[in-house]
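As C-alpha cells, here come the structures.
Presented sequentially are two complexes of subunit A, the first with subunit B as partner and the second with subunit C.
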Partner chain A sequence: MNIKEFIDNFADQFDDTDRAVFTSETKFKQLDEWSSLTALSIIAMVDDEYDVIIKGNDIINSETIQDLFEVVKNLSDNA
Partner chain B sequence: MNNNPFSLQEKTILVTGASSGIGQATANACAAMGARVIITGRSQERLLVTRDLLGSQCEAMIPADLTLEEDVKNLVKALPALDGAVLCAGNSTTLPLQFGTREKFDEMFDINFFAPVELMRLMYKKKVLQKGASVVLIASIGGTHSFMPGNGVYGASKAALNSVMKYAAREYASRKVRVNSICPGMVDTPLIHRGTITEEQLAEDAKRYPLGRYGRPEDIANGAVYLLSDASSWLTGHDLVIDGGFSI
Partner chain C sequence: MSQLTINNVRIAGMSACVPATVEDNLMLPIYKDQNEALKVIASTGIERHHKVEPGTTASDLTVKAVEGLLVKMNWEPQDIDCFAYVCTSRDYIAPQTACVLQDRLHLRSDCCVFDLPFGCSGWVYGMSIVGSMMSHGTFKRAILVAAETNTLNRNQRDTTVRPLFGDAATATALEFDPEHSRPMHFMYGVDGSGFEAVWAPYGGMRNPVTHEALEEKEVSPGVFRRGIDMVVNGMDVFGFAIKQPPRSLKELIETFNIDVNTVDLLLLHQANKFIDEKIRKAIKIPPEKTPYCLEEYGNVTSASIPLTMVTRCSQQLTGEEQHCVACGFGVGLAWASMEFYAGHVMIQDIITY
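Moving on, here comes the complex of A and B:
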C-alpha cells in the first residue's frame, strides 16, 4: 500500500474540504469538516480498501494522515 | 398458590444469546422469578457460566448457532413445551450507509432478523409454544424510534424484526400466544465495547440520556420478566421502549 493512494481514499470521505488540503502531514482532526461520522467513514473505508479493522482509538491517537497510514500499514503487514 | 402476577413460577422459558449481556441477565432474572430456564448460545463454554449462575433453575443448556438452519431445527426438536421465549441473540455494527454493502446487510440480517424469525416460526409451527405462551423479541430503539448516523444497517434489521413482531402478534393471537418486543437504548454490554466507538465517546454519549446513564442488562431483563409474566396477559404486539428517556 502507498501513502498517495491512502491520502486519496482518506480525502474521499470529505465533501467540502479542498483535495489540495490533504497531505501526509495534514492534522485531520483540526479540519472544520471533521466529525464523528467522518471518523466512522474512515474506519469503514480502511476495512473496505485494506481489509483491516482499526478502532476509534487508532484515530484518536493519530495526529496526521501519515500516523494513521502507519497504523493501517502495520496491521496490514501483520495480517 | 402464588398470587404475584409478576412471578414466573411454573413457567418454562427459553432464552437465546444467554451467554452474555442482555441474554445472560434475562436468564438470571427469569430464574430469580421462579422460572425453569432453558439457555442457548453459540459457545458451550460460555453457556456453562450462565448455567452456574442459574443453578437448579437451569432446566437445560442447548448450544446452537441460530444462523445455521440445522442448529435451529435441532434446538426446536430438543425443546419441551414452552410458556415463554426471550430471543436476545444478536449483533451490532456501526457503519455509515455508504459502506453498507449487501454483504454487510446480510451479516446483520442473518443474526438479528432471520435467526429469531425462523426460530419463532418453528416454535409456533411445531407447537413448542403452548397456548398462552409469551414471546419477547429484543429489538432496539434504532430503526424505529431513533436514527443515529452509522446505525442504519443495524437499525434496519431491528426495524424489520419489530415489524414481524406485530404481524406475529396478530396471527399467533389465535392460539393466545403473545408476541412483544423490547426496544432498548444503549445498554452496557460487551457488544458496545469493541472499539469502533471509543470509551470516551461512549461516556460522552451516555450523558445524552435523560436518566444520566446507559442501560444495564438488568433494566432490559426486568422488562422481559414483565412481558413473560401473567401481569401482561392482555398485552401483545407492543414494542416496549426502555431507553432512559433517550427517544423522548
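Moving on, here comes the complex of A and C:
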C-alpha cells in the first residue's frame, strides 16, 4: 500500500474540506470538518480498502495521516 | 464453531410496547445547530426514539406487552410453562426481575422463569435458550421477553448515546409444535477482550458504587457521565460491528447451506443504518428484504429485532411462512446469528405505555 493512495482514500471521507489540505503531515483531528462520524467513515474505508479493522485508540493516538497510515500498514502486513 | 439446531418449536405470536414520550433528534438541545443534528440523522438513520418517564421501568413496559400478547393469543397466564426475561436494565440488583414478573403477570408458581442479561444479542440468544428447553416437549408454551430502558442506564447529557438509544419491551410467544415447525439454526460468537467497548464500569462487585461513581463528570467536551452510566465507545463498537456480524452470518449461511436467494427477511439488530447497511451488503441481501425500525425507535438493544418484526413485518409474518435470517450483536462483545421460518404468527399491534 502506498501513502498517496491512502491520502486520497482518507480525503474522500470529507465533504467540505478542500482536497489540497490533505498531505501526509495533515493533523486531521484539527480539521474543522472532523467529527466522530468522520472517524467512523475512516474505519469503514480502512476495512473496505485494506481489509483490516482499526481501533478507536489507533485514531486517538494518531496525529497525522502518516501516523494512521503506519498503523494500517502494520496491521495489513501482519494480517 | 458452536452451532445449534432446534426442532419442534415455532414462533406463535409477538407483541411490543413503547413509552408514549417521543424524543426527536432534530429538537435535542445537544447540537450546536440543526445542521449537526441532520448529519447525525443522515448517517445513523435514527430520527427519534421513545423514552420512559421517570419511575417507569422495562418491567412496566413488559407487563403491557405480555398482557397484550396473551389477549391476542387467547392464552391464559396459567398456560405459560416458561418465561424468560432478556434485559440488562433490571428493576433491582436482586432478585431477578423475572421472579417479580411471575407475580405481576399471574404466571403459575411452578413456571420456569429466569433473567437473561444479554443486551443486543439477547433476542437471538434467548430464542436458542428457550427454544432448546421447549424442544424436549414438556414445556408447551413459553414467553421470551426482550426489554430495555436504555435511556435510564445511559446519561442523558452524554451526546454520544442520547440520539441513538430508545426504550421498548417485546414479547415473543413460543409453542411446542412438531407438526408446524421447521428447524431453527444458530451460530454464536464472543470477544470478551473487547468488553470495555460497551460497559457500565461501576455498580457491580468489581467496582462497587461509591460517592465518586455517582458524580457526573465531563469526560470529553459535551459528554457527561457518572461511573454507573453505560459507556459506548463508538469507534470500537463500529469496528466490531462491521467485522463480526457479516462473518457470523456468512458462517451461518455456509454451515447450514442457506440459499440467500430464498431468504425473505434479514432481521438485523438495529444498531444504526450505517452499520446495518454494511452488514446487509456484505451478505448480499437486497434492501427490500431488510426492514428497519430504527428511524422511529432508535437502537432498543435486545428488543430491536422483535420490535422490527412487530412494527415492520407484521403483514408478512401473519401470512405464509417467511424464511428469516437474524443477527444480534453488541455488548459483551457478543453476537449470535440464526435462521428460522415464521408464518401465521399472531401479532398484536404496537402498544403504548
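Throughout what follows, the second predicted complex is superposed on the first by the 79 of 79 C-alpha atoms of A that agree within 3 Å, B and C clash if a C-alpha of one lies under 4 Å from a C-alpha of the other, contacts with A are read in each partner's own complex, and residues count from 1 in each chain.
Simple rule for what comes next: a contact is a pair of C-beta atoms (placed from the backbone, for glycine too) under 8 Å apart; a residue touches a chain by one contact, two chains touch by 3 or more.
For clarity, every value in this text was computed on a predicted model and none was experimentally measured.
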### Query
For A:Ser36, is the partner it touches subunit B (first), subunit C (second), both, or none of the two (neither)?
both
### Message
For A:Met45 in the superposed arrangement: first (subunit B), second (subunit C), both or neither?
### Response
first
### Message
Touch test for A:Val21: subunit B only (first), subunit C only (second), both, or neither?
### Response
neither
### Query
Taking the two structures together, which residues of subunit A meet both subunit B and subunit C?
36-37, 40, 43-44, 47, 55-56
### Query
Once bound in the complex, which stretches of subunit B touch subunit A?
94-96, 98-99, 149-150, 194-198, 200-201
### Query
What part of subunit C is in contact with subunit A in the complex they form?
39-40, 43, 160, 233-236, 238-240, 242-243, 274, 278
## Note on the structure
Within the complex, subunit B is touched by subunit A residues 36-37, 40-41, 43-45, 47-48, 55-57, 60
### Query
Quick one: in the complex, what on subunit A touches subunit C?
35-37, 39-40, 43-44, 47, 53-56, 59
